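Shared between the two complexes below is chain A, which pairs with chain B and chain C, respectively.
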Partner chain A sequence: MRNFEYLAPTQVKAAAQALSEHEGVTAVLAGGTDLLSLMKQRVANPQRVVGLRGIRELHGIAKQGGGMRIGAMATIQDLLDSKAAGAYTALMQAAKGITSPQIRAMGTVVGDLLQRPRCWYYRNGHGLLAMHEGKSMVPNGENRYHAILGNKGPAYFVSASSFAPALIALGAQVTVADAEGERQMPVKDLFRIPGAEGERENTLKPNEIVIEILVPSVSGWKTATYEVRQRRLLDWPLATASVACRMSGNNVRDARVVMGHVAPIPWRSSEAETALKSKGLSDGNAEAAGKAAVAAATPLSGNKAKVQLAGVAVKRAVMLAGGRSVV
Partner chain B sequence: MATKYDWPAVEDRSLIGKRHDRVDGPEKARGDAKYSYDRNLSGMLFARLVTSPVPHGRIIGIDTSRAEKVKGYKGHVNILNPGDEIQWAGKEVLAIAADTEEHARDAAHAVAVNIEKLDHWVKEEDVKKAGEANRVKPAKDDAKGPDLAAAWEGAEVTHEGYYGLGVITHCCLEPHGQVVDWTGDDIKVYASTQAVARIPADLAKGLSRDESIGRVEAGQVEVITPYMGGGFGSKFNIDTWGIACAQLSKKTGKPVKLMLDRNEEVTVAGSRPSDYGNVKVGAKKDGTIVAYESETWSTGGIAGRGSPPLPYIFDNDEKLAQKIRHLNVSTNIGPARAWRAPNHPQAAVLTMCPLEDLAAKLDMDPVEFFKKNADLTARPEVYRYEIDKCAEMIDWKNKWRKRGDSGSGPVKRGLGMSLHTWGGRPHDSTCEVRIEPDGGVSVSMASQDLGVGTYTTLSVVAAETLGLDIPDIRINIGNSKLPISGASGGSTTVGGTTASTRRATVNALEELKGVVAESLGVEAGDLMAKDHKIFAKSDSSKSLSWADACKKLGNRTITGQGKQPDRDGGKLNDSGVGGVQMADVSVDTETGIVTINKIAAVQDVGLVVCLKQSESQVYGALIQGVAWALYEESIYDQTSGKMLNADMEFYKLSGAGDIGELEVHMVQNKYDDRGVIGIGEPPAISPGAAISNAVANAIGVRVPTLPLTPDRILAALADA
Partner chain C sequence: MTIPVSIAINGRRYDREVEPRLLLVHFIRDTLGLTGTKVGCDTSQCGACTVLLDGAAVKSCTCLAVQADGAEITTIEGLADDGGLHPLQESFWNKHGLQCGFCTPGMILAAHEILRTNPDPSDEEIRHGLEGNFCRCTGYQNIVRAVRDAVQEETS
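And now, the complex of A and B:
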């Protein structure tokens, strides 16, 4: 890791003022489970690191209005321990998938949303788009974990956050602050597919800080997350799906279906949502939603299996939401 | 004929073969045990490697001018020089030292190595493509046994299939490396090594090539390794980084630490060769195997690698017609090193998997099939016994179903098995045992404990021989100045070190008995040491406590020497063991995810010295086996030539939650008269084949290559 200046402000405003408006010059530090490994690998080389730990208002998870507020410094363990979070099944199931006590204790929920892609070309210093002689190395390279949707190029990595699909399905918002003030946006709008090397996969400006996540009430909703995981030991899921269904009797009135690890952004599937609308959460409808979710998938040379895995994740998430057992 | 060095008869054993806690457990649990990685000497410098990002090329220039200006820089040495060729990404080019680890990293990053790129190749599974890249050479073409054509003619059922497993790495928990402290003429090396006694000569030779240093003698070098964190066959040599570390210590006059980081460890410090190939097997209708034919290929890096021992175990030259062809693929990846039971795990996959497929075709239960063919092995009686025992442990009778006959839900359950063998002959060993006037006993030799139980086995042997308890024995190992003992590789340590220890202890006791005999007025030959006493067998009232007996030495210390081998041997050890493993798995056929329910392992190693440590070796091998059966794989990218998963995030090992229930049975009191035989390698051989066979049994189709990842399982199901 390169030498850097470390600041530990106690106010959001001071933290935002300490950030550069230019990409890569400064970095925000939450739990550091991602940032520090990027810095050690010299993939991220900020000259100044601004730690958020000292800002009291960023800590904690609490009920707020009818919903819940997750402060930017609230950890995954805080979430698992929180009474306020208990009703958000989709979120809790995602949290339980991160099995490492160390990551749970240090990693924050907001940091999870903003973690950089785990693409091994990126982590090996080849850039987010893995360009080599004007071409991405991914489509014909080692792409078993890469995107099957939203992969028309030049980006092929996948969004790695388990919480993002859940929070998008739950209709959550984030509050973002810079030195001038605050703005709110849906979690979904945090993400974008970069179009050129040097562009990020999130829409935050380099001098903005996420200060909280606001999750609305889920009363009347059935929610669930299913992650396809190869190991129980801390591992990345191969595909995930979070669903939230607002029920009207036994039928789905509104559905949100969001997949993780399938595209450079958390991938909302309107096809799967349509497949569920006005129907019950039966196994057959779950299966149909799973099929619809990946109907448009365009796998690369080595990740065909992911199409099936993502479809199964959606199917099983729907089954879980319907209170059924999955296997 | 019995000699005085024989192992005690079973009824006379109070410690051998029993269950003991490992003596170094508490230090390790408390964190008091100092591994090489833990050594931090006063004034010590930190060194880092500069490695090649290029998989194949020629060094044009090395510019250290910027690095030398980095804060804290203390010196550097070249490992390679302009003009030298690089054959794999991650190859060590230079080592650089600084006052802190951070500065050393900064300095390493400031070195500019200019490399002319040459064509590289890192893939071998597609052997046709590798051939087009001019990377393939024939390595073996061999026929044995009865006439092959006639055997195929006579075969009533045949099976042909493609099988394989990729390159994996050792991924030692403690990476390779050392701290070197060179003061005056003395070179102390705290090395993470499997070969304490061998490193001095290795290092001295390497250093003597450096003209600025001049001649270095092995006798100047002291290697200190009381504890080490795993080698699996990859830590026999001082390596370039060890020599560079010593050169830096000489140059700077300071102790220098150079331990590889995870990326380096996984990329260059050892890999296990792959193996892929087409195998054809044939049998009579009654299940008798008559022919085995294979065409395989593999890579072990740029030098390639020879053929695995095929067919494995079922290799009777008189009864089985065999034809083996092997091709060697040369790739620009980190070079192969011995990996726990070199070549056997691959051979097991390439034999046991086609044979289980053949059994399925024959509509035979694999247990019956393998038992029937045990006559084709070197030790039929052992395998038959072990197969039955293992089947009982895994409840084969009740749980096994015919292939594909595993219910209607998405999760299928299956059972599979594999057999293995290993040599494990003892290495050479010299031991010195001292009995002090204060009653203290020490056992000394330049051996090492890789975490496997050497401290404990030597304590057990000495204590058993002297009629003492385990804590009464002080073990001095992990130092090259002690009497020479072999490197720990190939399961040779326990046989070698227990034999030299037994002999040395018997000899020392004999001398003590002489002193006691005189003072008790009995014949030395009538004396026996047991329960902290030395007493006359003919009259147990003639007795001295151990402490009083030793007091009779006055101020003299007894030293007993023992050697392995020794012409006056007795049957203290042997080689050649058999083992059987069976796996019970569940496969989610919608996701391709395999869950291990249980693995049962039966292992013969002659005389078991420490039951718990032997079992632990098997547990470790099974856990490691689950990893390479299901998860573990070095993934190389052809464009960049790099190993993409040189970390522990995507280089996946198994965790406690992934291994299911493990049950181990050590065969005891059956082959004890063979003496002690090594245990390190044998149990590491079968897990991949047994798990692959269980998966095939569960889902009804063979997943040809390991690791059995979800994508491979789904592809096999889709093809079926």
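And now, the complex of A and C:
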């Protein structure tokens, strides 16, 4: 790891002021479970690191205005332990997927949203777009775990966060601060597909800090997350789906279906949502939603199997939301 | 550039000047000479470097010493407070929960975390709680038995 200057401010404003407006010069440190591994690999080489742990207002999870506030330094374990979070089934199921207690104790929920892609080209220093002589190495390379949707290029990596699909399905917002003030936006708008090397997969400016996630009430909604994993141990999922359905009686009035690990951003499937609208959460409708979700998938040379797995994730998430058990 | 940190390890406070990039595990092993904590993978996979930070198990290979400023750390050397063995250490010994022993300090601290949050875990819950720790020798069976044994020792 290259050396750097370390600052531990106690105020959000001071933290934001310590950040550079230029990409890659400074970095925000929450639990460090992702940032430090990138710094060890010399993929990230910030000259200054700004630790958020000493900012008291960023800690904690609490009920707020009918919904819930997750502070930027709240850990995954804090979420699992929190009474306020219990009603958010989709979020709790995503949290349980992260099995290592040590990661849950250090890793924050916000850090999970902002963790950089796991793409092995990126992690080995080839850049987010894995460009070689003007072309991405991914479409004809080792692409088993890469994108099957949103992969028209030049980006083929997948969004790594299991919480992002759940939070988007739940309609959550984030509050973002810079030295001047704060703004709010839907979690969905945090993500973008980069168009050129040097662009990130999130829309935060280098000198902005996420200070909280605000999740609205889920009263009247049924929500669930299902993850398809290769093995239970320590790996990121192959595909996940989070669904949230606002019910009117037994029928779905509104549906949000968001897939994870299938595209460079959390992938909202309007096709699956349409397949559910005004219908019940039966197994047949779950199956139809799963099929619709991947109907437009465009797998790469080595990841056709992922199409089916993503469809299964959607189907099972819908079944879970409908109160069915899936094995 | 170095910055001052004050970290309590096993009940004793250490004030040192450290480089910001110094990892907590190197602070513990190299700066303080407490070599019970191991470095296995160095990439937050194997759990050999597990220590307790303010009571919760964390991987000290993926944590900066400066992140632990003001915190209280427990390493394997500090688990038993009277110079004897902690019940978990006893039961790993009795139930053959180790072969080469490299994973053992991390395993025992991870097991400590399980029992802190769940005083009477099932085998399933024990296995779940050890998912951040790898053992290349034992096949885990005796580790699970050792943790279960420690529970029975505590409750009998």
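The rule is short, and it goes like this: the second predicted complex is superposed on the first by the 326 of 327 C-alpha atoms of A that agree within 3 Å, B and C clash if a C-alpha of one lies under 4 Å from a C-alpha of the other, contacts with A are read in each partner's own complex, and residues count from 1 in each chain.
Quick note on the criterion: a contact is a pair of C-beta atoms (placed from the backbone, for glycine too) under 8 Å apart; a residue touches a chain by one contact, two chains touch by 3 or more.
This one's a predicted model, so the numbers in the text were calculated from it and none came from an experiment.
Undergrad: Once chain A of both complexes is superposed, is A:E142 in touch with chain B (first), chain C (second), both, or neither?
TA: First partner only, chain B.
Undergrad: Does the superposition put A:A305 against chain B (first), chain C (second), both, or neither?
TA: first
Undergrad: Quick one: is A:Q230 in contact with chain B, with chain C, with both, or with neither? Answer first, second, both or neither.
TA: A:Q230 contacts chain B only, not chain C.
Undergrad: Contact-wise, after the overlay, does A:E5 reach chain B, chain C, both or neither (first, second, both, neither)?
TA: second
Undergrad: In this superposition, which partner touches a larger number of chain A residues, chain B or chain C?
TA: B
Undergrad: A:N124 in the overlay: touching chain B, chain C, both, or neither? Say first, second, both or neither.
TA: first
Undergrad: Which partner chains sit in contact with A:S278 here, chain B, chain C, both or neither? Use first/second/both/neither.
TA: Neither partner.
Undergrad: Based on the superposed arrangement, let me know which partner A:S270 touches: chain B (first), chain C (second), both, or neither?
TA: neither
Undergrad: Please report the chain A residues shared by its interface with chain B and its interface with chain C.
TA: On chain A, the overlap between the chain B and chain C contacts is residues 1-3, 99, 232-234.
Undergrad: Any idea which chain B residues touch chain A in the complex?
TA: Chain B residues touching chain A: 102, 105-106, 109, 409-411, 588, 590-593, 630-631, 635-640, 642, 644-645, 647, 649-650, 652-658, 709-711, 714-715.
Undergrad: Which of the residues in chain A come into contact with chain B in the complex?
TA: 1-3, 42, 99, 118, 120-121, 123-124, 126, 132, 137, 141-142, 144-145, 228-236, 238, 302-306, 308-309, 312, 327
Undergrad: Can you list the residues on chain C that touch chain A in the complex?
TA: Contacts found on chain C: 1, 3, 19-21, 23, 42-45, 47, 50, 53, 56-59, 62-64, 66-67, 69, 110, 113-114, 128-129, 131-132.
Undergrad: Touching chain C in the complex: which residues of chain A?
TA: 1-6, 8, 29, 32-33, 36-37, 39-40, 49, 51, 53, 77, 99-103, 105-106, 232-234
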